[in-house]
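For reference, the structures are reproduced in the following blocks.
Both complexes shown next keep chain A, but they swap its partner, so chain B is in the first and chain C is in the second.
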Partner chain A sequence: MHVINLSKTRDQDFINRVERESGQNLSLCYQCGNCTAGCPVTFVYDIPVHQIMRLCQAGQKEAVLGCHSLWLCASCQSCTTRCPNSIDVAHIMDTLRHMARRDGYATEYGVKSFTDSFLESVERHGRAFELGLMMLYTMKTGKFWTDVDLAPAMLTKGKLGFKPHPVQNKEAISKIFKRFREEFAQ
Partner chain B sequence: MTTLRYAYYPGCSGLGTSKEYDMSTRAVCEALGMELIDIPDWNCCGSSPAHTVDDRLAGALSARNLVQAGDIEGVDAIITPCPSCLANLKTSRHRLQKPEFRAEVNKLLERPVHGDILPVKSVLQVIVEDVGMEELRYRVRNPLKDMSIAPYYGCIMNRPPKIMEFDSQENPMALDNILEALGATVAPFNLKVECCGASFGVARRDIVERLSGKLLNLAAENKAQAMVTACPLCQMNLDARQNQINVANSTNHVMPIFYFTQLIGLALGFSQSQMGLEKLVVSPRELLAGAAG
Partner chain C sequence: MKIGVFICHCGSNIAGTVDVAKVAEMAKSLPEVAFASDTMYACSEPGQEGIINAIKEKGLDGAVVASCTPRMHGPTFMRTVARAGLNPYMFEMANIREHVSWIGKDKEANTAKALDLVRMAVAKLARNKPLFAKSFAINKRVLVLGGGVAGIQAALDCADGGLEVVLVEKTTTIGGKMAKLDKTFPTVDCSCCILGPKMVDVAQHPNITLYASAEVDEINGYVGNFQVKVRKKPTYVDWKLCTGCGACLEKCPSKKSPDLFNEFVGTTTAINIPFPQAIPKKASIDAGSCIKFKTGKCGVCAKVCPVKAINYEMEPEIVTEEVGAVIAATGYDLMDWTVYEQYGGGRYKDVITSLQYERLLSASGPTGGHIKRPSDGKEPKTVVFIQCVGSRDKSVGRPYCSGFCCMYTAKQAILTKDHIPDSESYVFYMDIRAPGKMYDEFTRRAMEEYGAKYVRGRVSMVYPSGGRYVVRGVDTLAGTQVEVEADLVVLAVGAEGAAGAAHLAEKLRISYDSYGFYMESHPKLKPVETNTAGVYVAGCVQGPKDIPTSVAQGSAAAAKVLALFSKDQLQSDPQVSSVDLKRCVGCMKCAMTCPFGAIKEQEVRGEIKAQVIETMCQGCGLCTATCPQGAIQLQHFTDNQILAEINTLLESELEETQG
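Showing the complex of A and B:
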């Protein structure tokens, strides 16, 4: 059994950050488990979502930011919709992902690579370019056979364009990313 | 009927993997007397990747579209067919009501957000609320007789209710009512709002195979001959990945997955090619031939 010494490992600064950045009051959670009961991805989670809530209350930064679950949340909003205390649990999961990313945790490299590839595509073209972002993803991960079985159908049906459809004012978009890095990224 | 005029946000997938959704949406809206004006030089809303990285980045990518839409004269709402775009635009609009969030987002934008922002709705919502089921029923030329279809809404079309403000979050009925108006049989389907696995198809396909597999199994158990959806990502998972799902779960589904706009179009009298049906990976040809015969 994994034992956590709560009095020694409680990180109050972590609790404050989660509450401030998510705009949620962690103390409202009374561990009913409704979020986990409705969560469709619990089967791949290493820590179920109600336990993540409890670990947040207890200021267990390491355990929370280092878990796989954060990266596997599908943002389906089931937990937020069904929380009896109206806690926006999905926004807490998003907030934890932001923090994990900033603090250098990436326990699901494939998921992080997909996210990065998608946003690189948007930064470059202003819109998501599906074929381009798949190429970026395979370069990052080395998984060159990802979804090649889908390519014949998608190509013959004209659903996978070879060229991006960029915005006209590309600079307006690339500058959003640039300013974001200057203003907010650490 | 007075002219209904909207700012239209097509979304990136409408240029690629969900071309047929964009095509059928435009054709059906025009036929229903709705005028769509594309948001000038619209950009990607950031989809799921942006909000998993930072709220302000996601907010700014969506906000630029909200600002650009303000340039269009004589519209009271922005509409989009895609639930992911919808959720991002609506969430961004909601958060931008807070002055602190607005100030931070404005630091990222060339043209900052000022004053009121147009409301954002789904194409589904305005067809239900502004056109109405009576009008739709009246315009049906080719009822979808002898077709049993499972209505699948996806997880974020109605959730969370505080942001989405449309239909029920647990048992939505908009697609059910549309199918009924088109003359189709609505197959029982109690996983209406369960997640299909969303964008994990690429990085963690096992998640999509399990979750979308469950949806296909239930539709088949309930004798649906096809499923209907309003979401490009759900449609892609259920349709293009149906073979991957079959292989992973040892099933043999051959279940056509329509966009609801394609079914409306067929019932209004558009041809199969006008609705882009040949772009569906699982062909509905046999089903439609059977229903017509």
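Showing the complex of A and C:
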């Protein structure tokens, strides 16, 4: 295990950004671990959530934004509910995910691709167009056979239409995306 | 009038951000100031000598010391002034440390503000009058509230010191929480065996009057002269006759009475003696579960009682006691752990509190000292202890550490292994807090010799599964979620002020915090005193503490009372209200606002006038603010004195705006 030099690698700017964007006070965390104790997806995490909190306190930006856990978090809010110090841990995970995306960390390309495909589909059609979403996703990832076994059943039940669902005034929804890009342009 | 002004440097505390020499220089120009100087430490011996010499040499009539808060050194300088031959009330203090130098760095602004405060103090002092304390007799009896180990110790020490003691206990026996414990840490000696002799001493001490099953209704009066109304709750057994033979317990057909002493583990008879060593060892009836009270039929206990002590008609009785001091030792209660729904507290029978577990361990407990699961009576093989349930948890409003849970949990893990050698104990902890003599060694012993498995992390949930309970938590040191299958889960529930503590504090006129713990007068230097003279605290009533500390506080409070009672007379504070009879119109609005009942009516030449009972007046000044005639004035804080200060301050404000 490598040694972390706390005086050299402590990124105060990163700490400030996480606190500002999440609205949470990282120093409230006393590492009781109750977030990890209640986390239903910790079995797939590379870094358990209480250690992500600890690494945030230590300003270890690389380790935090480069971890896989951020992308595997189900946003179920168990950590937030359990925290004895009322820290909104799920909000911090969300914040970190945004920061990771902005700073070019996408350690779980599949998760990022799926989210991107979903948003693109909503922007274009006003709501998710399942078949189009799946095509976008398979094109981005190259995983052509993902969940293809589910397709026949979904087709027969009309859950996988060939045309996008009609939505009234779908331009209004694409405007939301436009405004977001204007206001939060990187 | 010739006034002396002394500006203190307090090392660099004041001089660092206030130009003290300049303040002293400018003070010299004030009217009535005959002398002004700055001094390094006014409170030091040379500092005080300097003040005394100046008063004597310059023939001063009063002194202003500009230094720290009067709460720190007000009494010190009053004594200094008195030593110089002046009345101690011919003294004023300007707080230029807490109110000036410590709160701002701007030296110019600080110096200006310090001067303002000095000018105000001078203006007030010019209107001060000598005040003289009166003496009053004291009643050398002491009331101890609460018969736990702290109250017992306080009562015994006071009684051994020759004082008459009135001990009031809410439940039917003294002993408190300590009597419920099986063993004590770190010695693992039997709790009731070491407490028992002390309890017997209380019962047999000629100086102690014990009222068990009693509560305080009302407390009036002041230090040296309190009147206390004690309500003796009906026990439906005449304790003068009852011999504690236990014949009634054996025959009582109502066996479903909640067992308070055993923390509701199991049930007991409606007529009951809580435990074999109970003091007083007298039976009492729980009217809520007694068949005679519910249906009017039964009366078995009355039939079997050989001394005819049963009296179903018993009424509450009020006894008035006069005492000179009060020691509050009402202890603690467990916080409501059922808010932890994720642990199933209150829902799952085998998730119990640490105090319930003590009763399971105790030989005089409901299971005769055999650890049995409440659900099916089986012996548990895996016991999980969860620490910090209701401690260090802001989300349930309990941010403080209860202090003793780490130790008793280690003790319970050790006892579990003693009782069931093939059992395994897991302890979920956040940090182990064991800062006492032989304490940390004790927790290490639990791990090293008794094999208790300590897991660093909290528990997120407990759920039943196949007759057992799955405890899911985290091992933060291993960095992973963990699960344990347990037969019994023990919650180390944190402490809060005893039920009704806030209510009692209001009767005693002392402050308490939001958790029901009483406020001591000073956290370090006056740990057993309160801000109400003559009222003391001991034990967990002030905050969670273990047995040795509670006992020490019981003795400390007793020492304070003995010191108070070492004099025959007390000096009253002359800073009390006084009525100008010429101005008083007898409207008695002052009497209505007085929170201490210190004002009564008197008749002067056929007219109603207010009269202040000086020993009861606490000098709060409410009456002064209420009086429409300005007839009632708080001595040392009269309207004229306060207005003089304000006028002085506004003069400089006016000069600034005009200049």
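What we mean here is this: the second predicted complex is superposed on the first by the 185 of 186 C-alpha atoms of A that agree within 3 Å, B and C clash if a C-alpha of one lies under 4 Å from a C-alpha of the other, contacts with A are read in each partner's own complex, and residues count from 1 in each chain.
Keep in mind that, in the parts below, contacts are C-beta pairs under 8 Å (C-beta built on N, C-alpha and C of every residue); 3 or more make two chains touch, one makes a residue touch a chain.
Only a predicted model underlies this, so the values are computations on that prediction, with no experimental measurement involved.
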Practice task
Applying the touch criterion given at the start, work out whether A:84 contacts chain B, chain C, both or neither, answering first, second, both or neither.
Solution key: second
Exercise for the section: Quick one: classify A:180 as touching chain B (first), chain C (second), both or neither. Expected result: first
Practice task
Return first, second, both or neither, reflecting whether A:119 touches chain B, chain C, both chains, or no partner chain.
Solution key: first
Handout entry: If touched residues of chain A are counted for chain B and for chain C, the larger one
Key = B
Exercise for the section: Answer with first, second, both or neither: which of chain B and chain C does A:33 touch in the superposed model? Expected result: second
Problem - Contacts of A:48 with chain B and chain C, given as first, second, both or neither - result: second
Practice task
Classify the contacts of A:161 with the two partner chains as first (chain B alone), second (chain C alone), both, or neither.
Solution key: first
Problem - Which of chain B and chain C A:150 touches, first, second, both or neither - result: first
Exercise for the section: Please identify the positions on chain A that touch both chain B and chain C, taking each partner from its own complex. Expected result: 43, 78
Exercise for the section: Show which residues of chain B lie in contact with chain A when the two form their complex. Expected result: 12-13, 15-19, 41-44, 46-57, 60-61, 64, 104, 107-110, 155-156, 159-161, 169-170, 193-195, 197-204, 206-207, 210-211, 240-241, 243-244, 278-279, 281
Completion exercise
Listed in rising order, the residues of chain A that touch chain C in the complex are 30-34, 36-39, 42-43, 48, 50-51, 78, 82-86
Problem - Footprint of chain A on chain C - complex, ascending - result: 342, 388, 392-396, 430, 456-461, 472-476, 479-481
Exercise for the section: Please name which positions on chain A make contact with chain B in the complex. Expected result: 21, 40-41, 43-44, 72, 74-78, 80-81, 88, 90, 94, 97-98, 101, 108, 110-111, 113-116, 118-119, 122, 126-131, 134, 137, 146-147, 149-150, 153-154, 157-161, 165, 167-169, 172-173, 175-177, 179-180, 183-184
